[in-house]
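In this document, chain identifiers A, B, C and D correspond to the written order of the chains, with residue numbering beginning at 1 in each.
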Amino acid sequence: MLQSVFLLPFLAGTAVFFLPVKSGRLLLLATALFHVLITALEWFQATGPLQTQYFANTPEGMLVLGIMSFLFLLISIYTVFYMAEVEMSKEPVFNASMLLFLGAMSMVAVADHIIMLWVAVEATTLMSAPLIFVHRSKESLEATWKYVLICSVGIALALLGSFFIIFSMEMSTVHVPISFSSFNDVADQLNTVWLKAGFIFIVIGYGTKMGLAPMHTWLPDAHSEAPSPASALLSGALLNCAFLGVYRCHQLMVGAGLGDYSGNVLIAFGLVSMLVSAVFILNQTDYKRMLAYSSIENMGIIAVGIGIGGIAAFAAMLHMIHHSLIKSSLFLTTGNILLGYGTKSIDRTRGMLRLFPETAITFFAGFAGISGFPPFGLFISELLIVMGAIKTGRYVVISIFIFCLILIFAGASRLVMQMVFSSRDSDERLVPEQWSRALPPIILLLTSLTLVLWMPDSLFLTIQHAISSIGGTVNG
Amino acid sequence: MNISFSFASLAMLFAAFALAPLLMGVILKVKAFFAGKQGPPWLIKYHTLVKLLQKGSVYSTSTTFIFKLGPVVSFTTAVMLLLFFPFAGMAPVLSFHGDVIMLFYLLGLGRFFTVLAALDTASPFEGMGAAREVFFSSLAEAAIFVILALFFRLSGSLSFAEYFTGTHAVNLWSESAALILLVVIALFIVLLTENSRVPVDDPATHLELTMIHEVMILDHSGPDLALIEMGAFCKMLFYASFVSCLLFPFQTGTPFFNIIIFAMVMTLVYAGVGLVESITARYKMDTVPNYILTSFALVCFATILTMEFVL
Amino acid sequence: MIHISNILLALILLSVLLSLRSNRLMALVELMAFQGVMVSAVPLVLETAHGVTFNLILFFLLLVLVKGVLIPWLMYRAVKLVVVDREVEPIIGYNASLFAGLIMIVFSVYVTNNLHLNMLPMDHKLLLATAITTMGAGLILLMTRRKAITQVIGYLIMENGIYLIGTALAKQVHTQYVVEFAVLLDLIVAVLVMGIVLNDINHTFDDVDTTLMGQLKD
Amino acid sequence: MDTFLIALLLIAAGGLQALVTFRAYLLMKILAVSTIIGGCGLGLYNAVNQIFRQVEPFVCSCEWLQIFTFSLKIDAVSAFFLIPVFAISAVAALYSFQYMGDKERSAATAANYFFYALLIISMSLVVCADNLISFALTWELMSISSFFLVIYDFHKQAVRNAGYIYFFFTQAGALFIFAGFGCIYAHTGSFSFDAIAAIPESVKLTAFILILIGCGSKAGIMPFHIWLPYAHPAAPSHISAVMSGVMIKIGIYGIVRFYLLLAPTSVLFGQLIIVLGIVSGILGVVYALGKHDIKRLLAYHSVENIGIILLGLGIGMLGVATGHKTMAAFGFAGGLLHVLNHSIFKSLLFFGAGGLLRQTGTAAIDQLGGLMKRMPFTGRSFLVGSLSISGLPPFNGFISEFLIYYGAFHGLDLQGASFILTNLTILSLALIGGLAAACFTKVVGIVFLGEARSEAAAQASETGSLIIISQLILALFCLLIGIFPEPFVRAAFLASRSIPLLADFDSMQFLPVLSNIARTAALFLILFLLIAGIRKLLYSGKEITQSGTWGCGFTQPTVRMQYTGASYADSMVDFFRPFVRVQKKYSGINTVFPGKTTYSSHVQDTSETGLTLFLVRPILYLLGKLRWMQHGNIQLYIGYIVLAIVVMLIFI
């Protein structure tokens, strides 16, 4: 049953609230493992949902779910070892929220009903708030407040957008259940004006959650203040979920023949996001914020890729997969850095290569990956997006795109090089390196690497299937 | 490669080689004439050479093998030049299509070693001279290559033999005389530069600070100095012949007349050098580049003109 | 029936304008409770044209319970517990806010008239205009009030507006109570979470003025 | 399996084992160096074989990620570029054995060998890549591995800075290449190289310019060369040698390859390349003159030599566009041969510079002096390298420059802009040659001749034997190519045969020209020996005395009085003042009893200052202004959302 992907974490999460810490951790790991199994099961032989009007097994949903599940497994392993170091007073709350968060995200991935999707996305905000909040410092409170309020406002607008989309059906003569799959079937009969209006509000609403500028403002705060496993989950899984909402709506627009319009909107938001992240990555002083802005950038790239369509859509999907893997690896590594140095300031985390060689290597490899160097996957996706954009004649778009990429690379590489390579006077290590915490990020990177060398056919077919509905192909 | 071991060619080569010091004497005589003096004897340069060859040498403790290599290389390159030059319209001993490029680069090689030999002595003065030498000659070299380009445009050839003995010989008496006139002036400037004559350099001055070529060979003595001097004579001869061949086509049909006229034109050119030395003063060092650029500008102008004339 | 719905809408508009004008937090919470009840009643009044069903009434009661009682009560508690100074503290003055609200009304009527929604009945159009105004007022409160708690109220007013738009436009949703219930649940949890955070903010910052929370920036 | 792939595997094995065995330092080095040399040898054998036997191109491809194919093809051009890749890498590996001697940093050394192996492999794969995606992939691999090589000494601020600049340029360049590929892909719709020639002419130019910027930033073409003078001094010397000698040529390869693939007919391509060549060539050598750090100076010479290569290629392209066979054949052959030649003598020079650095601890020219006596082998091989890079006969640099001259001269019957550019080519080649000679007389004269200017230079001794041997090998090749150029020119010519115009060009046209040069060179050597013999004879039995240098009246000359590199080059740099800004700092004499006075001069790179002044600073300023956006104020943030809605609704 498809619903088990979110019911299981919900149940487990509720249980963890009341369990002692040790068994809570165990349950966390067990749930993560089972979630992977269920996801795999759904991936390979779709059992289908119980209530077809609310939930569905879609290729794009399965992609997001698959990434999320895999990430969650590694992040939960990391969390267990990480928590052992930080000695958090409310660890059960944290673990429970992790599971509830997973549940909400899984629900997003399988939701098909338009409002149900909204409910699930809003739930992700609420479930993840405690994750950011967990340190209870001034900064984390502020971050949580901004996160909850801005995202709630944004997502409320998405609800409005959903209403508009439903209304576009009611304006026309057809009557079908309010789910994306059934709407897609009648997309060409929907009222275009209301569909456009709905799309705008949905892009702005879910875009807030996805981190598209100028609605991205919560993202750097939340990502930098959350504990690293939570940041990894936010960046690697949550943003994809929000993207899924936008993507579903874009599908609808393409079906209604408004693909050009929605594509252009996505490209515009994508480029603004890239530009904004460029502004803040140059001269950034906090490495977690730097990574957060990099997430904004990459979400922008995905939006641009989807907006362009064709082979760029394929690239955008690849980009989503690899970005999740690499970015969560980076965030997990920052957890180790934070433990080792006790500060998030780039200026005071010098000489990593000498003090924490494994962390440094992982961090730099991740950075190389996120900057689009082979052997990591973003190389392919960025190349293909550039190619796809030029193929559709979007020269201005691609100029800005490349300009931003160069700026961001210039900013980030300076900072990362300073962190990794420069020398430091004191040899103080707050917490020494540990393989148990170093391994999950490495595995994530190796996964990205493996997916570059060899991609399973089923993954390829899923991507192909997912993008076929927005006119994306792999043959140009 | 065209090899001409004919008696005439070889004889011309040796004659040129043997007479190079004598022609230097012409300059001295002209200068003396203008100064109202009697001047040194005609054969003064031979005396100098013989004297030098008889002596031993003093080497600076700072120097290395480069210092001894310098004179040999510069002399060798000068000799190479003469091998390829068609004196008085005679076929040169050697020639091939493209030899001019090689020869001017060989000259560069000679200069390279002369300069290194100067730097080898650790003397600040010689360094100064070396710096000036490489600077001025690299500008002169650029001018030369523009001249070569112009010649190719006019004659389609790339060797001295073809320039002056080929079917499209370049000289003042051909249809592109106007251009050649510009080239002659330019080349004369290059001649003065490359051979360290007034107004670029004053070989007769006594203050090391103001010298170019002479200061570079301050520490050389004995046969080494003789080789350098001989090399310099050959180089001078080469440039003078170059100018002469442009001034007059030595194609009267009778080799004898050719040689006579050639000798006269050569004397004129040397006398011209002496004349210039007598009536002008040495330029300030920082105006020398502009002087060389004048020659450069002349040839460039000529080259641009070819775009109109030769289609 | 039309009259009743018109009266309802007028009351909602009034509450909106008053909330913009209000300078006491307590009054704002009370206004919100009142607005919640009115908003909950709207579908009941509108849908009666198609006949009042048992489900409809049940859902109306649930809505009143949540929007009119539970959430205002939570807010009330929060104000009592958290806020020392019960001034609203606007960034833009009350009169200016009120004026903005009036402009909002004009704007929404203009928008509604220009949408050419001929298929909608008249009262739906009015509802739409009211709803847009409500939403706009919520956004104005969000943007122009310093206190965190006022922002929560602003959010709730905006939510009310969106709910009203949904009522005006998307009929089909309101026949699917599972969905509506889920939306409502989200709202409750949102308010709960915000309340908890508010509480902690108060403990940490000694005030809920959001201008104090400007540490995270670039 | 093919020899080529075996060679690559061998090199890879050498690199990978270093990561495992780095605790046994010596063993690691022996294994790494020997396997890399073995692999390179095999690869070199294969490449030479490929080019001379003119067998069918080696092709190999495999499916990759469902939609791509990773395919390799070694045709004559690839094979030609493989020669310097493998040859120089092998010699540099040999050199590194003693050069990398810091046991303390065994892990870093291991990483260095690993990335070195990766660099060799990726360079050879770039050269063989047979579709857009393979090219892009291997290109990026090459970039990142070379980046790690540059920052070997990462604990130094200057090195990190250099690494950053390199990293930035390499990635920015790659994005331009991607954009160029996009232009191609947009019209062919496939990643393959096959249909590229069919795209419209106007697109060809756009694509070519984009690729030119990308490849040019790797190759060090003038306005994009800024990373070069930073990265080369920062890297260990054998890495500088490989980067300068080989890696930047891969940029040239990219230009050549895409020129061949695009097969344009317009003269614009050739003219563009010539203009770039002139700028890089002349300004490169002028900046080199003004530099006082030997490795930085050599880096600028790389820019200069890239300029010469471009001049050759540009002449070739002009020839192709105008159907002028001699011009095309000699231009391309000259350009390509200069690729090989430059890789040899530039590596040789970097090896020498590395040896100096290792023995004296300084790369500042004006701190050295008199090293010819203390480091005789290094000094002599450096001299050979200097003669070669100055393009003087009878060394290899002359051969390629001669071919370019030859091609350019034959292009003089063109009209209009092409004529002027051809003329300028000849002029700038001459000027470059003269200035390069000036610059290297400066280096050799100041560093190796005269008297030591510092204690370090006075105490220096000859470097390790392997370091010397690797230099001698290269020096030998400099002379060999200079005297027996035929096989090498033939290789370059065979490589340029891929151009349709030259397919039926008779290579016999080369032979007389080459044999003439070779014979003249031989004649020169004979004459030289003869005159040296005569000189010997003249000195026999004569008194030879030693004494101090004549001080022109100064009786107490000190070593500090010697001409320095800065003063040597001063007037020449001054001459190019509009393009070269010299910053001079002079403390002056202003009291009756003057204290210590100081004087320093620093040559600024115009393109660097221009880039900083007109691009980087305004952008940073503008972006800095935008930073208020993340104000920290939540009300403002909600305002952004509202603003976004309003804007979007306006554009609905």
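Quick notes
We adopt the following convention: a residue touches a chain if its C-beta (ideal position, glycine included) is under 8 Å from a C-beta of that chain, and two chains touch if they have at least 3 such contacts.
All figures in this text were calculated on a predicted structure; none of them were measured in a lab.
In terms of the stated touch criterion, the partners common to chain C and chain D are A, listed by label. Closest to the protein's overall CA centre, chain by chain, comes D.
For chain A, the chain with the farthest CA centroid is B. The distance from the centre of chain B to the centre of chain D, with each centre set as the mean of the Cα atoms, comes to 35 Å.
Mean C-alpha positions place chain B and chain C at a centre distance of 99 Å. If you average the Cα atoms of chain A and of chain D, the two centres end up 43 Å apart. Averaged Cα coordinates give chain A a centre that lies 77 Å from the centre of chain B. Residue positions 139, 142, 151, 210, 213-216, 218 of chain C are each in touch with at least two other chains. Contact of a single residue of chain B with at least two other chains is seen at no position. Residue positions of chain A touching 2 or more other chains: 145-146, 149, 153, 157, 220, 280. Pairwise chain contacts in this structure: A-C, A-D, B-D, C-D. By the touch rule above, chain D contacts chain B in their complex via residues 369-370, 372-373, 383, 387, 390-393, 398, 401-402, 405-406, 409-410, 412-413, 415-416, 419, 422-423, 426-427, 429-431, 433-435, 437-438, 440-442, 444-446, 449-451, 512-513, 515-517, 519-520, 523-524, 527-528, 531-532, 535, 538-539, 542-552, 557, 559, 561-563, 567-572, 575.
Within the complex, the chain C residues that touch chain A are 119, 135, 139, 142, 148, 151-152, 155, 158-159, 162, 165-166, 169-173, 176, 178-179, 182-183, 185-186, 189-190, 193-194, 197, 200-201, 204-205, 210, 213-216, 218.
Every residue of chain D that touches chain C in the complex is listed here, in rising order: 627, 630-635, 638-639, 642.
The part of chain B that touches chain D in the complex is made up of residues 1, 53, 55-66, 68, 71-73, 75-77, 79-80, 83, 94, 96-99, 101-102, 104-106, 108-109, 111-112, 115-116, 118-128, 130-132, 134-135, 137-139, 141-142, 144-146, 148-149, 152-153, 156, 158, 208, 218-219, 222-224, 226-227, 285-286, 289, 303, 307, 311. Here chain A touches chain D in the complex through residues 145-146, 149-150, 153-154, 157, 193, 196-197, 200-201, 203-204, 208, 214-215, 217-218, 220, 265, 276, 278-280, 282-283, 314, 353, 357, 368, 371-375, 379-380, 382-383, 386-391, 393, 398, 402, 405-407, 409-410, 413-414, 417-418, 421-423, 452, 454-455, 457, 460, 474-476, going by the rule given at the top.
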